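Chains: A, B, C and D, in written order; residue numbering restarts at 1 for each.
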Amino acid sequence: MAYDFASDNAAVVDPRVMAAITACNDGFVPPYGADELSSRLNRAYSDVFEREVMVFPVSSGTAANGLSLGAVTPSYGTVFCHEMAHIVGSEAGSVEFYSGGGRLVMFPGDGAKLGAAALDAKLKGFGPSFLHQMHASTVSLTQATERGTVYSLAEIGAIGEVARRGGLKMHMDGARFANALAALGVTPAEMTWKSGVDILSLGTTKSGTVMAEAVIVFDKALAEAVRFKHKRAGFLHSKMRYFAAQLHAYVESDLWLENARKANATAARLATALAATPGVELAYPVETNQIFVHLPDAVTKAFAAEGLNVRPWASSRPGLHRMVASYCDPEALVARVERALATVGKG
Amino acid sequence: MAYDFASDNAAVVDPRVMAAITACNDGFVPPYGADELSSRLNRAYSDVFEREVMVFPVSSGTAANGLSLGAVTPSYGTVFCHEMAHIVGSEAGSVEFYSGGGRLVMFPGDGAKLGAAALDAKLKGFGPSFLHQMHASTVSLTQATERGTVYSLAEIGAIGEVARRGGLKMHMDGARFANALAALGVTPAEMTWKSGVDILSLGTTKSGTVMAEAVIVFDKALAEAVRFKHKRAGFLHSKMRYFAAQLHAYVESDLWLENARKANATAARLATALAATPGVELAYPVETNQIFVHLPDAVTKAFAAEGLNVRPWASSRPGLHRMVASYCDPEALVARVERALATVGKG
Amino acid sequence: MAYDFASDNAAVVDPRVMAAITACNDGFVPPYGADELSSRLNRAYSDVFEREVMVFPVSSGTAANGLSLGAVTPSYGTVFCHEMAHIVGSEAGSVEFYSGGGRLVMFPGDGAKLGAAALDAKLKGFGPSFLHQMHASTVSLTQATERGTVYSLAEIGAIGEVARRGGLKMHMDGARFANALAALGVTPAEMTWKSGVDILSLGTTKSGTVMAEAVIVFDKALAEAVRFKHKRAGFLHSKMRYFAAQLHAYVESDLWLENARKANATAARLATALAATPGVELAYPVETNQIFVHLPDAVTKAFAAEGLNVRPWASSRPGLHRMVASYCDPEALVARVERALATVGKG
Amino acid sequence: MAYDFASDNAAVVDPRVMAAITACNDGFVPPYGADELSSRLNRAYSDVFEREVMVFPVSSGTAANGLSLGAVTPSYGTVFCHEMAHIVGSEAGSVEFYSGGGRLVMFPGDGAKLGAAALDAKLKGFGPSFLHQMHASTVSLTQATERGTVYSLAEIGAIGEVARRGGLKMHMDGARFANALAALGVTPAEMTWKSGVDILSLGTTKSGTVMAEAVIVFDKALAEAVRFKHKRAGFLHSKMRYFAAQLHAYVESDLWLENARKANATAARLATALAATPGVELAYPVETNQIFVHLPDAVTKAFAAEGLNVRPWASSRPGLHRMVASYCDPEALVARVERALATVGKG
């Protein structure tokens, strides 16, 4: 059967998550988060993050990013981010919409990562006495990044320090948060508020839920704006129990880490096979479940012959492709890839 | 077991809808609506509405109203609506948010219904030569209304005619669309575009889905704004198949009408029993599944004794309560209510 | 020569203001408020208000209201105001625009005045635990009111106290601030921050400038939002000196109070003559320079014969007219009015 | 006396403009543009532009750009512009504010000019089928540019052609429109709508008015959005006559062209002297009244000795300075510059 490496969002829902949804489909319960499952959500995630947090479920990563960034960025503010960030080219302006007129200020950075020094330099052009620019408000970094790499704790902490000194709020786009967590082997607390993160977009859809993402607020002072924007944008769902069920199942028994580790491991094995193939060149270190790789035609043809579909990725250098491993990739997939690559090696 | 008449959104998901979700949870499929189920959505609803329509799934009624009204109302525009409309007091300003600065202009009307003549009179204060007001842009009516009544086709058509003459777009908040449809015994086409409706918020959550609502666009010219706002607000879900599965199941085999008829019938039986009870007075005709009724203390006490919970409803006249019947109310519920009321009758 | 009582904004510019503009039209000076006149603006108005204030010049009252209310009201917030407020029906939604999606919550009140008790009652429907409404953010009162009456210090203070307890910011629309000041005989400090006002729209155009209004910020914490919105809306004018010249001239030698007293006095004399005329009825106490009066046809005809034009004012009771006295009304105007009224008295 | 080349907005008001203001300061006239001078504004500028146009006076260039771009760009739309455009770094986000959430998409271009081919290439990444980007809505070009160069009619027309094919609206930031007009020796019609421009920010402040800029609308269909945004932002001034007087005086007897020619001629003479000086290098062709020039320390010292102040301009290459010539520069100024430069030449 054909297999497509396009994205981890093409995967099914983890059976344990589906079971949680089915289990809660029983009887009348109060709406708008007043049910028992939803009421326990803050508590459950406060345990995960070792600190009192507030959880705002939404139905997509775009919503999580727009809502969280819109809540911490005034309408006249800027969000500093890497030029490859999801909020730049994949969300049709969620930040501009939720902030009501804010602006993204993007810059490059090795490994798809924002550098603390580059941010610091950028901030020099902004200041209370120079109104002609907009207000320097927020920095957003993506963990794992849009190219599959991860920020180390030291890197996040350094950005957090620049943010703190510059009066910026710090946001993390964690669409693949669990994959980064698994890769670093650190705690959720260390990767977020202990490194300076004020607010987090926590993705769960790519690792096993139907469509549950969450804004996690570490700083209570930010909650008011999130609560009202969350409501008026349409995410205070009446049947909130079905969202809560997913979010509980996601972290119970470390489901999230288990699934993330599986996807990361598959990617690592694929990367090893790819790197060993003549003419193939990894574009970025493979640190989580995304692979960005330059593939010669021979490889894409061999893949096609094996029923493996890979997509070209827009780049100034032709031949770049993205391959994303999923938590539910069949065990045999790696062998199929190795078989295809072997035919190239022989050529 | 205790029963609470608070709202139909406290109900479970219809087993047929849940089965559809489970059924689609199989294999990798393309994201963002490119899967097979999602691709068939426009076709399926075009059949239902006897006209080519575009369907934009969202996860709540607030999102549906905000998105649809925000797409047809410029930032400097007004939305004319009944003072009891959901967009007025229950959505924390979804219209102001999605329109980016629009305004609701509300007025009263018998039976919680906007009157064509009242709208016409209101429009006199707006006009191209009088800039000091805002632009007269849109009219929104709720079918069934917030008090459980329904607009007749003639009433909708009359408002549609005023809208057409005044250059207004016409929106219908159909959070309980199926209940109104069942009550009137007309077609979806007759109740919408044939009566002048340009865009519809179609609610399905209260009649059996998890959290699937949809914006239905009848006029292609409006689709561009809906598409972009839908995307940037965060409703172009990656795993769209799970939304599509619900929306397909909802109209297949007339599930929606069947469920709506059940809820309406339950409400009718409850209303009959209530109306026959001394001291009880129906505040509005019971035409769908919502009952607004003045209850003397004797009745609320008798209900409590039977484990039946009813909520007071904010009103200038004390004693008003709302009781909402659900499609999944148990058969025995009406008998319990009759039993409780009988004790009052004897008193 | 015909005379029209339509509005005080039809008047010319005070010669002393025009002289100040001409006087500053000399030589190259730094732009954007860095010139000497602009630099002294905060100092001059801090003296006037007996407290350190920040002054943001704008070119209209609509801009002053939108900017100040938009700066203190979040996009998800409400502004409580009287239903006759200028922001309701005369600014095409300036508050919704500058706040980026806020909402006006209006209510009635005798003498076109908001009552502290009514505001208090209104606030009961809003609260941190009830998200379905919007956030209760701001109260705005107009001094002098849209019907020419004035709030006493006690009335302003009582509203200020409700605002303080409810966590609201307090705004004053002072389009005719000087007229109210002259009427009450109190200090600018007493009528504003000493009574709880956080931010003021100070009108000067109606009392003698070309088109200079100002947002006066009493609370430094509010200044950041004002500064950025002021800039991006387009009011950080390059040739700021010409605005500063007007605003200095306005308060120097008490020009503003002198002009306001003149206009008020003219209105008082007109009111006396009107009240003494058979069939004429003052709709509101005449406390500043605006007169709202029910005029029989005989009077409007007599006015017409004398070349005096008065405009009907929209009202449920026909015959209401507004007559506004200006600081530059010719001395002979009152005599003309008296002459016209005398012919009616005889009739 | 010291002289500062910082900007042409440091200049005084042309005596003829001041005379027009003083002349109209006579008697009561209707407000909000209903006076005689304002009523003639559309007619006067329709004559200038050889087509029926609508004129919306505002008080700054930022307002003109924000208002015009916000009116033609939906909240989900992008404005394509040169990375040096005024809207990028000098208006604190006027476009994001007035559009309610739009985005600037910037790119480089020789001579501070946007190229038609570069725009065409950029548009490839946008399209109706690729929602993840925002909507491609508008192109904005600055004439004369931010570096003093001018687009030829052919260059404007080529961009206009790309815009037309791509469905973009076309905006011109004409803060120094007259300077460009004088430089090219073409008609206002040729430089705007005949080359594809839909809407124009017409600057007049730098060439002799107090603070009058105007949005000029060539396409009637765009006027509605401009009218309402113009009103609610606060630019429908009550005493509109004083704006109208300036805008009439500006084009009467070709005052604008006369002043622009003077400033351009002064710049040309300065450029000639600079280019002949050892170590001095013009960074851009001097085509209007702005000079961007690399100055060695010897020159800035010689200037200082002569009382001539020049400002460094942010650039990756140190030593860049901007010198702006004004219509009211004294005749002797060029001689002073030549005298200073002569001392360097000798060194």
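List of remarks:
Note that contacts are C-beta pairs under 8 Å (C-beta built on N, C-alpha and C of every residue); 3 or more make two chains touch, one makes a residue touch a chain.
In this text, all values refer to a predicted model and were calculated from it rather than measured experimentally.
By residue number, more than half of the contact pairs of A-C reappear in one of the listed pairs B-D, C-D or B-C, namely B-D.
By number of C-beta pairs in contact, A-D leads over the other of A-D and B-D.
Between subunit A and subunit D, the centres computed from C-alpha atoms are 43 Å apart. One simple way to say how far apart two chains are is to compare their mean CA positions; for subunit A and subunit B this gives 35 Å. The centroid of the Cα atoms in subunit B and the matching centroid in subunit D are 51 Å apart. Residue positions of subunit B with contacts to 2 or more other chains are 75-76, 91-93, 96-97, 100-101, 131-132, 134, 228-229, 231-232, 236.
Residues of subunit D that touch subunit A in their complex: 75-76, 89-93, 96-97, 99-104, 131-134. Interface of subunit B with subunit A (complex): residues 3-4, 6-7, 9-13, 18, 21-22, 25-31, 58-64, 66-67, 91-94, 96-97, 100, 205-206, 210-211, 228-229, 231-239, 242-243, 326. For subunit D in complex with subunit B, the touching residues are 74-76, 100-101, 128, 131-132, 134-135, 224-225, 227-229, 231-232, 236.
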